[in-house]
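Lettered A, B and C in written order, each chain numbered from 1.
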Amino acid sequence: MTDAIVNPAKSKSELAIIIAGVARDPLGLIGLIIVGVIVFSAVFAAWIVPYDPIAMNIPDRMQGPPTAHLLGTDQLGRDTFSRVIMGGQVALKVALPAIFGAMAIGLTLGMIAGYGPKWLDNFLMLLFDTIRSFPTVMFALAVVALVGPSLQTVVFVVMATSIPTYGRVARTQTLTLRNSEFILAERAMGASIVRILSVHMLPNIIGVLAVLVAMDIPTVIALEAGLSFLGLGVKPPTPSWGALLKDGYALIRQTPWLVVGGGLPIVIATLGFTFLGESLRDVVDPKLRKNR
Amino acid sequence: MTEKLLEIDDLSVDYETARGDLKALRNITFDVNKSEIVGIVGESGCGKSTLISAILRLIAPNTRFRSGEVRFKGEDLLTASERKIRDLRGDDISIVFQDPMQTHNPVISIGQQMVDIQHRSKANKAEKRATAAKMLGAVGIPDPEARLSQFPHEFSGGMRQRIAIAMALMSEPDLLIADEPTTALDATLEVQIIERLKDLQRDFGCAILFISHHLGVIAELCDRVVVMYAGAVVESGTVREIFHHPKHPYTRRLIECDPGHIKERARVLPTIPGEVPDLANLPTGCIFRDRCDQAFERCAEVPPLTRLSDGQNAACWLNHAEEPA
Amino acid sequence: MLQFTLKRFALAALILVVAVTIMFLMIRAVPGDPVSIMLGPRATPELKARLIAEMALDQSIPKQLLLYFGGLLRGDLGVDVFSGREVTTIVFEQLPHTLKLIFSAITWSAILGIALGCFAAAHPNTWIDRVAATVSVSFIAAPAFVVALLSLLIFAVQLQWFPAIGVGEGFWDTAWHLVLPSLAIGLSWVGYIARLVRASMLEVMGESHIRTARAFGLSERRIIGIYALRIAILPVVTVIGVGMGFLLSSAVFTEIVFARPGLGKLVIDSITTRNYPIVMGAVLVSTGLFVISTALADLINALLDPRARTNA
């Protein structure tokens, strides 16, 4: 085999190169650190929290920071700091399954659209365009109105609305790769469609999709928080950043620290994932810059 | 004595690159007299384009002027203020660029662009439009009034280049620089454009600095020729002298290789063997030495551009044969 | 141009038809009796019967869909479960409030974003450019409703510079009430547009026709502000058109936070009272708005770019 027909994604050290590339970029490094801290505190939340995040403690209610409670307490005397940490865990619990689910489905549909017959491509594209034409929050509200608020509803809405984005990118990548030399060589050697898609296409598309994932996580976190803020996301007393904002908003003159405690983590998490995504994109595929 | 309009005097220009300085132009010297047509000829990459961008200082940020002067009507343009240069651009000196398909703004109508470039005129908009239409007519665009409201993509390549020429001549410049204006066009259009340029030059009396790699066009149009090779002038003189008595081996090979000069039908177009030297890493001695079939020991030294006869200069040791080394 | 317009609107119409179908099937796919779900605890046999007749629920699904489309064509989105008023009327009463908010937000953010982007492109790779780039990314990262809440807390509750709730009366009061909501929605757009303009501006500034403009001695201000910007602005138009859905989403939250009337407040109130026809009507209208705005963006692009006009 000559260099021209070797699958370009099949070098082992690529992941290491990408991470090193992200860490070299100052913003990428900040993003990496923020994301690291969030993931760490979400995973070890149960050990980090000083108080039970859902235990009411009426005598201590509405205490401003800093007292025995680092970030004060809410109207039911629950510890804000503990709720912020637990809220991070909830945010990731919604965001990760939703995004990876959307990615898996979008990837499959996108590759089918890009590799399959033209009519199927047209049909899937129309479907994607239509789903994208629902304003996300409006769509979410419609679904919540129909099936009622819950964590699963949020996950479903996020999945449904992000599938088209992943599908489109996967399709474009598949279309460009479809006629590249190494795929043609595989086809000439009689490889099956499933093999071509899963073994050869996938590794080349996944890098681009990883960038989208990093960029999408903040959107999903914001959506979950938004719905919970409206009282249409995760149910009380589950601690969520959005629920903190809801409580803080209701009593904004008495417990403004709840608004800060719910709002800042969202801003910081969003910043972290965005920096990471931007930096990832520059490392993985500078050309993608224009396509989004 | 003819009046000198543009004097390029010992001009050297580098491009700063990651590989080190690219010596794009070295010790360029030649003049353009008033109302004279001077051709600059050379293969691509010889520095023709750098030269014209240097004259109007339309340069990339990594350009460095190392030595020399570019005097226009006696004033050095390289040290002139940005303001002064801008006043000259499109007024005393105009340019027609190489690729007519890219030279106009795609989203602004031709009429608007032609009105905009008359920004120095005190005339009102209707008068400016009338001037624009008149110029379009002069370069042979049919129905100019109506076509003013059209956009560049609605014109053919040949028309766009004629529009570019019309725009350049509108201010009645003293010097028109034409950077390979016919390269992107086919042969028939090329003849048309050349004829048009000749007529216009007669009517407007401007000097033209005409850059081309096509000897036939140069011979047809120009009074004098400057032959450039790898960022240096190797020979300059009247068209007649250069074409009939070339004094530099490079000029001779260039003429031999020109398709217009090949009498018999040849299977393969003759080319000059070898490659243009790397400008970031120049060889010592004469720059043409590696490709020259007449090279001898003395070529290890850089030959100066020497005046040989009235108006003809060449940079080659062959012309110094009788002198002691 | 006419052909282009027709084609574009045909596509928009097709997307709307599919969208309505999806919404419709979604409602029908909900397990259980839709009438009971819709009416909730208020369900009396009479109300149920009325609703079944109104929504033609006793017909087959395709027939229902056809009837629904027929209603849509007549501008009939059903009636409010409580008041019996036309949903269309109710939704279009609230729509102007939301549009006002969205347009004020996109206007200020587009002007500022374009200015910042041009400025950064005129001074590429200077420290100003880098600061602008970092600030831009940070702005993009700020979700509208968080900005809304934080700005409400800081500027309305703590500093009391701006009113916290309502829309105000008269021009100045209305504008004054719009400041914070509009800031919340527009903030992320400033960064987004600035980056977009910077990138496309840098690309355009490298094109040959800019060199031509310079060669004719046009002022740098005119070159950047007109010759380059006319081209660099094209992707911004598209992005704003496509961003309408995003803007609508932000508006929902912002209306809630600042207790402003509008589509968002209407939907949320209707969800809490389980007033489904209104929820669906509002969702459909906002979807229509989004589809139309993307089509409009393409048309504006075609107007601004003569090449798109003839190629399409």
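In this section, a residue touches a chain if its C-beta (ideal position, glycine included) is under 8 Å from a C-beta of that chain, and two chains touch if they have at least 3 such contacts.
Bear in mind the structure is a predicted one, so any value in this text is a computation, not a measurement.
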Graph class of chain-chain contacts, one of line, ring, star, complete, other: line
Central subunit by CA centre of mass proxy: C
Inter-centroid spacing, subunit C versus subunit A (mean Cα positions, whole Å): 22
For subunit B paired with subunit C, centre-to-centre distance based on mean C-alpha positions, whole Å: 53
Geometric centre distance via CA averages, subunit B-subunit A, whole Å: 57
Footprint of subunit C on subunit A - complex, ascending: 27, 126-127, 129-139, 141-147, 218, 222, 225-226, 229-230, 232, 245, 248-249, 252-253, 256, 259-260, 262-263, 266-267, 270-271, 274-275, 278, 289-290
For the subunit B and subunit C complex, residues of the former touching the latter: 56, 58, 86-91, 94-95, 97, 99, 102-109, 116-117, 119-120, 151, 153-154, 164, 167
Contacting residues of subunit C [partner subunit A, same complex]: 14-16, 18-19, 22-23, 26-27, 30, 37, 134, 137-138, 140-143, 145-146, 149-150, 152-153, 157-158, 199, 244-246, 248-249, 252-253, 256-257, 267-268, 270-271, 274, 276, 279-280, 282-283, 286-287, 290-291, 294
Subunit B-facing residues of subunit C, complex: 207-209, 211-219, 222, 226-227, 230-231, 304-307, 310
